[in-house]
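By written order: A, B, C and D. Residues from 1 in each chain.
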Amino acid sequence: MAQVDAAFLRRWLGRVSEAVGREAGRLTELDSAIGDADHGHNLRRGFDAVAAGLENEPPATPGAVLAFAGRTLISTVGGAAGPLYGTLLRRAGKALGEEREVPDERLGEALRTGVDAVGQLGGAKAGDKTMLDALLPAVAALPDYAAAAQAAREGAEATVALRARKGRASYLGERSEGHMDPGAASSALLFAALAEVAAGE
Amino acid sequence: MKMLINGAERVVADALRGMAEAHPGLAVDVDNRVITRSDAPVADKVALVSGGGSGHEPLHGGFVGPGMLDAACPGEVFTSPVPDQILRAATSVHGGRGVLFVVKNYTGDVLNFDMAAELAEDEGIEVAKVLVQDDVAVTDSLYTAGRRGTGGTLFVEKLAGAAAEEGAPLDRVAGLARRVADSSRSFGVALGAPSTPAKGGPTFDLPAGELEFGIGIHGEPGRERRAMTGAAEIADVSVAAVLDDLKPTGPLLVLVNGMGGTPLLELYGFHAEVRRALRERGAEVARTLVGNYVTSLDMAGCSVTVCQVDEELLRLWDAPVSTPALRWGR
Amino acid sequence: MKMLINGAERVVADALRGMAEAHPGLAVDVDNRVITRSDAPVADKVALVSGGGSGHEPLHGGFVGPGMLDAACPGEVFTSPVPDQILRAATSVHGGRGVLFVVKNYTGDVLNFDMAAELAEDEGIEVAKVLVQDDVAVTDSLYTAGRRGTGGTLFVEKLAGAAAEEGAPLDRVAGLARRVADSSRSFGVALGAPSTPAKGGPTFDLPAGELEFGIGIHGEPGRERRAMTGAAEIADVSVAAVLDDLKPTGPLLVLVNGMGGTPLLELYGFHAEVRRALRERGAEVARTLVGNYVTSLDMAGCSVTVCQVDEELLRLWDAPVSTPALRWGR
Amino acid sequence: MAQVDAAFLRRWLGRVSEAVGREAGRLTELDSAIGDADHGHNLRRGFDAVAAGLENEPPATPGAVLAFAGRTLISTVGGAAGPLYGTLLRRAGKALGEEREVPDERLGEALRTGVDAVGQLGGAKAGDKTMLDALLPAVAALPDYAAAAQAAREGAEATVALRARKGRASYLGERSEGHMDPGAASSALLFAALAEVAAGE
């Protein structure tokens, strides 16, 4: 596969919605250990809305799909994850412009732009025990989707040992160590879904 | 965990319907999740908008009314509201003299209110923001998201609300709000965890003989676990924490706040110990509030908030307020 | 069970110390356990005295102040006060026009208030008594101690207090109080048991999937256990229970009361369902109160109280009141 | 033994105070099943005050001892049990008059008078599942102290099967069956102590 179109990204986000629906309990459980026990349920609400919206009025370009998804997350999720994931997808969508098909490399670049925006918005860096610890290695491995999924998973696993410096887990200080960051865990789900959809092509 | 609800997804919407029918002084937009004074927009008055996750009632919706907030935006339980919602609140209460956002310092709240501020400014509304970050249990450093906003929010909303009611312009109201935020310190203790509808049970396990010290209001575990102890020692620790940080040189407003699950009987007894501890440290108390004001669902526990005041702030504290949860004067 | 206390024996005394320092409008005699208006005795006014076991806060101490009670006598937790204490309350607030005792119908309360009334009359104070017995969960028959007094107490204290404030003589205040008591009905539900300091843990076990219907405010088990259900059905049952018994023909005051451990967020949602249920049955609601007013320590649960009113009672309801827990007008 | 004096009754009430102190938890536990979980702690507070008062200023006549104990219970216990037990002892004390020694029979009569007053004050009858179900058979068996103690114990046991018609246990209706009445249990303690003191003479 060398080109992605709007349908591909719609399949991706549909699969994310399924995965988040399936894993909402686990994500909320992770958030209950070092946060406020809402991450899974918030994301499920958001991605349900994304999936429903994409089905009702499917945007025709890859950029429009991501921009729509980003806006929807921003206006339905709330909390920290809503603006962060929303910004990721909105910026990525913007970066893709209006083309009907883009090569894998362009999608990778766009998602890198989105992840950079997450860093700017939240002020977190690699190693702060946030979603970025899964997102950064994942987008670095693109356009190899399978490698990106694996990098995200490993990045999420590696957050277990870290001490949080951003988000509400940082309130716990050293007590935040020993738990996986919920946002990193959900980021891993995003890239697992991307790899699955890519592999299915 | 049993809850008096119709289902986790409906909790906030149901509560808004219930608020709408309970308080004729409020206008509640259930669909868009915005609670406003029923006489909003008040012309020629700076409008105060706050909001945050639900589960802290009466904060913020219970503080909407003359002398305090113009609007509140409740998010899902423990989840900041979304920008659209905050924007709608701002536009519906804007009386032509700008809007002050009262924001508790959590990543989610800050991001969503900031996005809303951009949108509001696009619509020509002048917006100022005050960040409440009063919780001394959190080290404010590069290694944290900064101090949380908790009980001090009540002081900011009351005092800035009174200044707005008097007709002060946006920069003055915002400046005063920041002064109050800077002068407020809180410290909280949990005897048990709250149960959230989403999780369906307690957000953390607390063994029988232990307490969480330095907790927030979102069912996060605290900074530290200690062996269970009595009200006197809990008061000593809490008072020391806030006073050592604030180092007050003038009279204080004191809020002895219940987290939702501690009986008022116990809270009054705890208040007695807080007052003793303040006296022992030579602190002067000007006004007191004891009750469940900034809660964490059904969490058993309490927090102590102090705010140093001068004559102006004391006058604003005593100014009339007429909201569901705080009401005095006229 | 962890509690925010210094020891079971000190709970009530500590709470009284804490109330004294929280409310400048109250005078609290900690040793003798009497809470009075700080301006008592009010000359030429009928004085209202109530009391009962502690653990129901803000009832009764939180309802002391202009427009409501002149004095409250808190007993030990869930234990009626003793006659000496009630007598002392009566003598210290008697303003020359007699004293009305507002008594919740429990064997202990009735016996102790009756003994106090005898003693007060020996001292030349005219005493009248109103018995609050609003709980429809209890069959009023030869086979029970009669209906319990619960949420209706708030209505009696507010409305009779307003009448006394207006200068009505003792027989009128007492008659009005009885009319309010006769027009009030309550029904309560528990999602869990409260924990008392004396017992050090929950007063009954309630399995995960079950509710207690028809509970009181003393941690007694209810009339019946039922499978856990949602807020809508709990509201249906509660509203049916009070309306079927009262058969109202006029507008109602409605109190949706939290038992202490149920978050206000849930209570508002429950209120929405209560209002729906009342609407479906054609009941007209004149005024509403939602909150923790007549509690049972940290019990999770709620109660619904209705009181049928006419124009006079509605005017008395709207009359100014200035107490720690209920405050409006002037 | 044929005569009782003030010292005898002071010994009795002292022993009741010990017994109630020892059994407070059990009595409160019984009260928690069908009441409000305070009976033991209320009585302990009251009988502690009685014992302390009798030690400080020991009244000289049997009548004065009981009257003092009754007044003290009324002003320290609260609840239903305070006025009921207080009235029992106060009336019994009154009935004993001012004599320095009275025969067992007179004490028995006085206590019967006191128990009658409990019935009048609370309006309960035998079989209503109250303290009267222990008190009535006990005073009927006086002046045989051992028989009275046994009758009180059996009376208390028999309340297990009853349905309460008075006091807060009556709110439970049929759910009050199967539990011993806490007031009947404490009455059994009173008469057990009386028998012990009498046997020790």
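Please note the rule applied: a residue touches a chain if its C-beta (ideal position, glycine included) is under 8 Å from a C-beta of that chain, and two chains touch if they have at least 3 such contacts.
For each chain, UniProt lists the protein as follows: B, C = Dihydroxyacetone kinase subunit DhaK.
On a predicted model such as this, the values are computed, not experimentally measured, just so you know.
Chain B and chain D have Cα centroids separated by 53 Å. Separating the centre of chain A from that of chain D, both taken as means of CA atoms, is a distance of 73 Å.
Look at where the CA atoms of chain B average out and do the same for chain C: the two points lie 29 Å apart. Averaged C-alpha coordinates put the centre of chain C at 31 Å from the centre of chain D.
Residues of chain C in contact with two or more other chains: 77. Across the assembly, chain D contributes no residue that touches 2 or more other chains.
With chains as nodes and touching pairs as edges, the resulting graph is an open line. Across the assembly, chains come into contact as A-B, B-C, C-D. Interface of chain C with chain B (complex): residues 2-7, 10-12, 14-19, 21-22, 54-55, 57-58, 62, 77, 191-192, 208, 211, 228, 230-232, 234, 256, 260-273, 275, 288-290, 292, 295, 297-298, 300-302, 327-328, 330. Those residues of chain A lying in contact with chain B across their complex are 28-29, 32-38, 40-42, 45, 74-84, 121-122, 163, 165-168, 170-173, 175. Against chain D, in their complex, chain C makes its touches with residues 8, 53, 75-84, 106-108, 111-112, 115, 137-139, 142-145, 148, 196, 198-199, 203-204, 216, 218-221, 223-224.
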